[in-house]
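In the two complexes that follow, chain A is the common piece, with chain B as its partner first and chain C second.
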Partner chain A sequence: MSTAGGSNPEYVNARVRARSAALFDEEEYRKLVRMGPAEIARFMEESEYEEEINALGSRFSGVDLIEFALNRNLAKQFNDILKWADGRLYDLIARYLRKFDAWNVKTIVRGIYSEADKESVDADLIRAGEFDDRFLDRLLDATTIEEVVERLDGTMFDAGLEQAYEDYEDSGVLVPIENALDRAYYENLLDGLVVDEATEQYREYLEAEIDFRNARNALRLARSGADIDPADYYIEGGSLFSATELVTLAQNPDELVAKIRDSKYGDELSNALDELESASSLIGFERALESALLEYADGLGYVFPLSVSPVVSYILAKEQEVDNIRAIARGREAGLSEDEIEQELVIQ
Partner chain B sequence: MLENIALQSSGPAISPSAAAALAVGLAAFGAGYAERGIGAAAMGAIAEDNDLFVNGLILTVLPETLVILALVVVFIV
Partner chain C sequence: MAEDVKPTRKNLMAIEDRIELSERGHDTLEQKRDGLIMEFMDILDQAQDVRSQLNQDYETAQSKINMARAMEGDVAVRGAAAALKEHPEITTQSKNIMGVVVPQIESSRVKKSLDQRGYGLLGSSARIDEAADAYEELLESIILAAEVETAMKKMLEEIETTKRRVNALEFKLLPDLYENKEYIEQKLEEQEREEIFRLKKIKAKKEEEEKAAREEEGPETTPPETVPADD
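Moving on to the complex of A and B:
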């Protein structure tokens, strides 16, 4: 067990726990909500983000500075974790961090689609996944979506992407491609995972994430009333819905809500579901889903401390922090009131 | 010669002092194994926050008490 190159959860978890203790808490958010972009940048300079703010401070200012610093710090944190981890733990974390590969490819494809310039796409990439810098730069150099698809040949996104590209050519919307990327990521997550005592919780958590994503997609479809087949959006691997169930439930939001309420997530989500039924606000429900997922992951970390769960919980919390700060900065810039911004935050 | 062998086989397989030495050795082995995990976690914590050095050191050497207790056996036999 202690051979060189073996798993080292003790070391990684100790560091990760220290890092998650340094995340912003409720009180700091309350302060941030009352600040302007320049003050937020100043506040960040005195926190974990010092290095990034100093490095980028001469080139950018205001909300741009905050955003670049956030993305860069996120990538740095996750690359740190990968650097610490060895053996099996590395494999489990890398598997999860591939979501940034999916995110990066989606960002690049969207950039080409909306004809954004290369620099602004580059700034939005989070270089934390499995693709190295050179490969990402090659993807960035692509000028058409077809080139991107070609260059992804041989990666885990390869399989469904060709078909999705044909669909894209027929319909002219990006949805099939983004969907194919998401599905490739989620299907690879659980594929070939050796389940034993230590990874049982990891799998449970991943299943919850897939379930929540399916539920969210179904609700969005039900609300939008668009004529899209929900089965196209179904992600395999969850334990709550099957593909056919989701198709029928998407037509009937009330039944969908009842189904979630009866499931094992019912307790955690009961407040969110009440809100959904009374106020019919989908945004509130999505926030509640996110904070329920956060809480779920956090709980798992305490049940089995020497597993990958604390790391996953940290990754999720860190991402949420970055989202929150970005929402505050963007909200202040757009002149939203403090209450409105506070509603946008997911605070644990 | 034969007598000697007969005498030996009727006695205990190992002498008391050898058994005591084994006991200390095994205790040290257990302490080392316990310190492996604690030491790794302590290093992680210290890397994040230098102030934890003293706490980390104390917690890391705590299993060493196992060896000290086992050492008592050496004086008893």
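Moving on to the complex of A and C:
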């Protein structure tokens, strides 16, 4: 509900445990991989996603229906968790879910920039963050990017957005605004986080998220060969690189890979790093990072059952479920083989 | 039609001039046609390479975007695409290949670096980068294919026109001119023969008249010395 009041992990964990049990298991994924998009939608209609499929069935069809239903269900589930949580637990959960606020603001800004109609922008929002419907509707009503920036005054995105807006006005591209929004999200992940035994693992997870984000961005910059200062894209809070280290390493991808190999993530990412050294694509490496994060998340649920960890573990598992179902449906639509789709899935 | 031509010496000279010009034109056009065909064969090879590259780039781009849509979601891919309004610029110039004006297409701002694509780097992934990369390459291939295939089409049209001209000269104009020339020559020869025959006739008639006049004047007058005929 809010950060006020005492933390209530017992109650939220009990509710979340029931939801976790409803997540698709490996057997269900195996069935889904063999289905076409229409069959997947039908399968979803008989599962947790029934309400969303029925509500959106008249507006969308095919894989779009599946994707919008997944996003809406995700938003509903996460909103419920935020509604149940109180006190410190709320704060810990909201830290992570604010990424959907960043997503929604970016979607609204892109909609204004590309002069898209309000309805289609609204359909693309994932209302799973901390911003309530009224605030998001106010942002949707904005007709200029400047208005959006003004309406974000007082939120965590406020800092840096004004400067980013000026840069946007100079350059005419949305990059500064999008980066400012994402940076605000990442830098608030660990900002003011009180670490104790119960949240130690969560902090480690968030740190890993920032480290992996820095690593993949540095590799993307290194591979692109563009004349961009990597320091502009460095996110504070990770333990793997400092800003100056990242600047040096981004110019030498081999050293960057070696640094990751020697780090605490080295063992988990060893295979992906081998693949990265031999292949030109970063996609496999990103997939490995996602798998590693999910493994972290999986471990979260067992260590401190009466902390934020099981909730975060559920949130990540739910996100992965949505990603997997969408990957299967889109993969089937694009004519990918079962093997190709299975290779892309990240299953716990 | 040979019958439409007046069989005069002036016309014969004009037709001979036209035949000479047409034969020269025919030779030149034949050389042009052969040259164009050789150029066309070169462009055809290039067009085949470009087309196969285009197909390959299309397959790659399609597979990358399918993968991005599958893993990041259609909403994320559409969102990333909506973050850029600026379109690549295309300028066309022309160059001349054996008299055929073909376009030369220059493109700018097709390939973009990560910070020029509009979407933020911090919240996006390599899948979207690779899809964008693949589509930029596809666009470059399309522009190159447009240039080469337009040149090929124009060359083909020019070869067709030249071939029609060569054939028209070879099978229509020159045979007609030869026929007209022959017709006029025959007619002129015929007229010449008729003229000679007429002159002979006149001469014979004159001689007869002179002979008759002499006989009327009587035998006392000495007969004039006879002049032998020319033929």
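The criterion applied here is as follows: the second predicted complex is superposed on the first by the 341 of 348 C-alpha atoms of A that agree within 3 Å, B and C clash if a C-alpha of one lies under 4 Å from a C-alpha of the other, contacts with A are read in each partner's own complex, and residues count from 1 in each chain.
As a convention for this text, contacts are C-beta pairs under 8 Å (C-beta built on N, C-alpha and C of every residue); 3 or more make two chains touch, one makes a residue touch a chain.
All values derive from a computational prediction rather than experimental measurement.
By the touch criterion stated above, A:R127 is placed in contact with neither chain B nor chain C. When the two structures are aligned on the shared chain, A:V12 is found in touch with chain B, with no touch to chain C. Of the two partner chains placed by the overlay, neither chain B nor chain C lies in contact with A:R98. With both complexes placed on chain A, chain A has more residues touched by C than by the other of chain B and chain C.
Once the two complexes are overlaid on the shared chain, A:K318 sits clear of chain B and of chain C alike.
Legend: residue contacts after superposition of the two complexes on their common chain; A:K259 is shown touching neither chain B nor chain C.
The intersection of chain A residues touching chain B with those touching chain C, taken from the two complexes, is empty. Partner chain B is touched in their complex by these residues of chain A: 2, 8, 10-15, 17-19, 84, 306.
By the touch criterion stated above, chain B contacts chain A in their complex at residues 33, 36-38, 40-45, 47-49. For chain C in complex with chain A, the touching residues are 63, 66-67, 69-71, 73-75, 78-79, 82-86, 113-123, 125-127, 129-130.
Chain A contributes residues 63-64, 67, 71, 102-103, 106-107, 110-111, 113-114, 116, 124, 126, 172-175, 177-179, 181-183, 185-186, 213, 216-217, 219-221, 224-228, 233, 235, 281-283, 285-286, 323, 326-327, 330-331, 334, 336, 341, 344 to its touches with chain C in the complex.
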